[in-house]
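Order of writing sets the labels: A, B, C, D and E. Residues in every chain begin at 1.
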Amino acid sequence: MTIRELAYHLKDICHYYGNTKVLDIDELKIKKRSITALIGPNGSGKSTLLKLLAFAQKPTQGQILYKGRKEYPFSSGIRSKITLLTQKPYLLKRTIFENIAYGLKIRKDTDNLEKRVKEALLNVGLDYEKFENRKWHELSGGEAQRVAMAARLILKPEVLLLDEPVASVDTKSAKLIRRASLNARQELGTTLVIASHDLQWLYSISDRQISMFKGQLFSTGIENIITQPFEKQNSKTHIKRLDDGQIIKLPPPAPKTCNAIIRKKKVFIGLEQQEESASLNQLYGQIASMLFEKKTGLIMTTVTVHDTSFVLRLNPDEITNLELHPGKKVILKFDIHDIEWI
Amino acid sequence: MTIRELAYHLKDICHYYGNTKVLDIDELKIKKRSITALIGPNGSGKSTLLKLLAFAQKPTQGQILYKGRKEYPFSSGIRSKITLLTQKPYLLKRTIFENIAYGLKIRKDTDNLEKRVKEALLNVGLDYEKFENRKWHELSGGEAQRVAMAARLILKPEVLLLDEPVASVDTKSAKLIRRASLNARQELGTTLVIASHDLQWLYSISDRQISMFKGQLFSTGIENIITQPFEKQNSKTHIKRLDDGQIIKLPPPAPKTCNAIIRKKKVFIGLEQQEESASLNQLYGQIASMLFEKKTGLIMTTVTVHDTSFVLRLNPDEITNLELHPGKKVILKFDIHDIEWI
Amino acid sequence: MDFIVAGFIKAIELLISGDSSTWTAIFATLKVSTCSMVLSIGAGLPCGFLLGYFDFRGKKALRTFVDTMLALPTVFIGLAVYAFISHQGPLGEFNLLFTLTGIAIGQTILALPIVTAITASTIENIDHDLKLTLVTLGAGKRNIITTCLWEVRYGILAAAVTAYGRVLTEVGISMMVGGNIKYHTRTITTAIALETNKGLFANGIALGLVLIFIAFIVNLSLSFLRKQ
Amino acid sequence: MDFIVAGFIKAIELLISGDSSTWTAIFATLKVSTCSMVLSIGAGLPCGFLLGYFDFRGKKALRTFVDTMLALPTVFIGLAVYAFISHQGPLGEFNLLFTLTGIAIGQTILALPIVTAITASTIENIDHDLKLTLVTLGAGKRNIITTCLWEVRYGILAAAVTAYGRVLTEVGISMMVGGNIKYHTRTITTAIALETNKGLFANGIALGLVLIFIAFIVNLSLSFLRKQ
Amino acid sequence: HAENQNLMMATTTSTDNTGLLDYLIPHFEKQTGIHLKWTATGTGKALKLGQKCDVDVLLVHAPPAEKKYIANGYGKERREIMYNDFVIIGPENDPANIKGKSISDALKLIKTKQALFASRGDDSGTNKKEKLLWKNAGIQLPDKEKWYVQTGQGMLATINVCQEKDGYTMTDRGTYIKYQSVQKGNAPLKIVVEGDSVLLNQYSVLTLDPENCANAKYDLAVKFSNWMASKNAQNLIKDFRLLGQKLFIPNAKQ
């Protein structure tokens, strides 16, 4: 990536709330016109990262370059170019029309206002006549969420940061929001960063997935995280006991790390048990779901092993050969050496 | 269902906001110890119904019997027995501990308070030591949602009404919340009614699914709704045009109805086209996802036809026989006479 | 200008020297203002809550009434209270005229609309979701009142502090009902009025500073209740 | 008690008969109170915003200061303003003593802390999400101020109404700075004080009712701004 | 020149409250073309306003303080205009039994009987006179005595306190007449001591010393002073009645 292609360049970012470190990012580059997905459990720092990217907060340490320049909250260069849909969207105490038009009005860009508001509402699947004059509190949860989204879309920003845009939005509207986001990128060259827990939706929209865990980034999509507690078995292996008696073997942890990941491309699926080996994990599980990833043509498959889920990607042939389907009992296999400590 | 088994009995409920009717329910019975799922697009009236069930609002018309008795908001008989997790949970401006203990404190039921709060936090996957003393605003979105959930779980109510309990909650916590809900039913005989857009999660927990659409109920789970606009072709058939040129044939609408449903058990899947017939709809689509339903052993399959989704249930054999997998192109078939107007 | 500087010096003198008339006025002021604040908060919080929380017919009219009561001139209140508690008045037998109790009654009437109006407007601002949350957590009417008031505690603090400022500085009631009787019902404000009338402006300034100093001490201790 | 009834009748008489001294006092009152309200709102809203919105070192101390200023006795303000605008004062050349302008200056000082304190406490209460939303929608500093103030408009209305009540009813400043000169700087409140001093309690009550009536009209017209 | 024809006066409340100025000043304005505005306050504050040059002329009634004022260089001329008198009033049953006694004896009796006495205690002309009377009677000012109530208020308010508490007080006759009229003829407090020559209450016009106050309109103030002492004005004062009773007796030296 050359500098001219970069929208964001984050270096050595640390962010604290009080004394707690919630973000710790060595480096992150985000390309112009890319759609980046942020994935991670609650409290992993997604919203915090988005707020930093929106320059709504200053990181405690480190610097954020936007298009190669150091920028700060309120610098006029970015104020009208980057917009963030916050996780708990707040509607102003005005009508829906005024809420959506607000951003344009403060930009003094009010030609064809009515037409543009209509279009923005249509983009999120809401009817202009029905909603235009409603007050901010006369909406259902999902409708409010979508109004907030419309208020961002109408701005046609250079960067659109979306924090859980489809939480409590129905499937049909989620599709509309996806289409609107893709259109923005297509037609206006918008750069998007999106955090969400709806992985299927997220995969259907993003070019690149970044996993977050306790404030750290892993750049290759949903990875399978194996969490504490562990037991030391011997100098070469630690183990994690599942409640149903199964055991995951892990290499000894690197210093200062306390969780392990196994990347999804390193996990394999089978129907029969192989010969036991000190370096091979074999776990009994059941397929919970299979989702189609349009972009890759692969099928994202979630396998439940007792109460933890593992995700891996399968190709259609593999599925037909093994006669896999949700509900089928399978064995997951991965090598102990492919486990990484973080 | 005998009266003694009923938790709720709703009769002739109509609810208006201003002049707009948002609920129109002839009858709804909810059994004790049952888990009912409310499914429906944004604005279909789920939250409104839950508020009525919680006796937090009075319906404009009609009556709600709880355990056979007419009850009203604030009647002391129900106040401490029914609790609702609202869609936008509000945390009191206190510590997390105080937030969770609040309900118990007003019930003057404070034995072992610390232990019970700890347990409630554990139930939603939060660490007592880490969160107990946090202020209400020092939480991520999903953490706040889970704290609100814990504040409801700790009450061990007779009826637990949950409005989008897992929106913006991570997968692992969603599982915990499911387990906690099931436990409540198991151990305390709690009746649950849950609204959510996470269908997979909802199916994994509920006994009975109720679809809502524009304030009306359909008692058999997710049904496929075919929405306006329609064109009249002749006296016997109306049609709906999809943007990709495909056509859905429908019977003429009943008076005062404007949307149609085709129940999922009336939709069939195939790989090859049958002979054309005036009464048969055949639609080309692609399987988007397949989810395992633990309770039935069936696989809930979503098929996308251009931009509308159809849901149907398949059994594992059917899948293996047809070599189905997400991404596979299929043909959906259903008879025009199975379409119902609502 | 000179008398302002003189006033500053005099203020310090008054406080240090333990001038008995100043100190009795200070105590009288503290007594009546505390008393009237307790009463007006006790009555004003529930009233403000009801006015801000519920929607009912005539609510707007009632708000307008309360807002109008904010403009009750102190002399007017003083006269009205006087009419009731003077010898010939209906409450004459209680001998409240020219007592601190009498002043406190008048000041309560003065502060009540302030506490009520600001509380109501603060309560009106609370999130609809809070109401719903409380109801669904099983809160009874009493719990709802106390919890809502606690949620908006900073707004209520503002109401109290404003009312306190009003009560502390009013002259009309103290003068009319209390009679500004030296060593008895003379408060700092009536003392200021007197000194000013005498042309002893520096003394007026000095006593004013003493009053401000009292308010400062009170607000300083309240400031620990503020949001951190 | 009888003078209260007499006062009611007298009030109606005064208004209907077009008694010139009453009407000039009404106009004087309206003029100064309008003027001081415009000034104190103009200055108080931004101050209140800054104080409520931002977190900075010394914020609590500043809040305590403003709260203390709520307890500025009117006579004290009167004396201080007098010191500045008296012939020998630094602003003596402007001839503001015994003018309505002078009173308005004093009343502005009186109302400013009220507007500031209540605005600050209302702004402090706004949702953190609002701030974030505005920033991320591209609002500049000016937009943030105006939008936030508009969001809490009912709270601000309360601040204004409270300050208005205070300004309308104060006597000390009008008396000291205005001099209660008939047909010139006599306001309704100083007229009440005068009538009461003369022992004409019924007249005092009547003028008080006139003042309350003015406040009622003003609040009635403001009530259309209220939440429906 | 209309601007310069404005005259600002500070006066005591009694001249204003009795309505004397409202009656007199229109004549002055008509005859001289000078526009006179006045602010009515306590004597102390009126003198202070003069000292600070915020008014042009004073009409007050505290001769010793006035003389000191001129001696201090704040005032130029003092011209006696008129007088009325003070009276001691008290409850009808006269608990201290002072009716008809001389002023000094009356005060002594009040002290020995510990009868309640209301004092204005506000350093006004009236209050200064009262303090002088205590001194003349050989009694140290009973500042902290329980029976000696200092109201710190105007005359009428003090009379009201006195009435509520069934005590004695000293008042100027004008205010007492006003009080009687408010009580509609059956005032509980009656005059018990009057007529002593020390009870005279002298009102004077003071012009300000132009050396102290260059801005004060000395010329106009002199005109006012002259007018007040003129035959014409003196007759007007003589004719002024409050509720049918004469209030002020003109005594300007021509």
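We take it that contacts are C-beta pairs under 8 Å (C-beta built on N, C-alpha and C of every residue); 3 or more make two chains touch, one makes a residue touch a chain.
Keep in mind that what you see is a predicted model, and the values were worked out from it rather than measured.
Chains that count as touching both chain A and chain E, per the definition above, are D.
Across all inter-chain contacts, the pair with the most C-beta pairs is C-D. Note: centroid distance chain B to chain D, computed from Cα atoms, is 55 Å.
Centres computed as Cα averages put chain C at a distance of 36 Å from chain E. Once the centre of each chain is set as its mean CA position, chain A and chain D turn out to be 54 Å apart. Chain contacts: chain C has residues 176, 193, 196, 201 touching two or more partner chains.
Under the contact definition stated at the top, the residues of chain A that touch 2 or more other chains are 88. Residues of chain E in contact with at least two other chains: 157.
Two chains count as a pair here when they touch; such pairs are A-B, A-D, B-C, C-D, C-E, D-E.
Across the complex, chain D meets chain C through its residues 1, 3-4, 60, 63-64, 67-68, 70-76, 78-80, 82-84, 88-90, 113-114, 117-118, 120-122, 124-125, 152, 154-155, 157-158, 161-162, 164-166, 168-169, 171-172, 176, 188-189, 192-193, 196, 201, 204-205, 208-209, 211-212, 214-216, 219-220, 222-223, 226-227. Within the complex, the chain B residues that touch chain C are 51, 54, 56, 73-74, 76, 79-80, 82-86, 88-90, 92-93, 102-103, 106-107, 151-152, 155, 161.
Listed in rising order, the residues of chain C touching chain B in the complex are 127, 129-130, 132-133, 135-141, 143, 147, 150-151, 153.
On the chain A side of its complex with chain B, the touching residues are 17, 40-43, 46-47, 87-88, 138-143, 146, 163-164, 167-173, 175, 197-200, 286-292, 297, 299, 307-309, 316, 319-320, 323-328.
Here chain D touches chain E in the complex through residues 86-88, 97-98, 179-182, 184, 194, 197-201, going by the rule given at the top.
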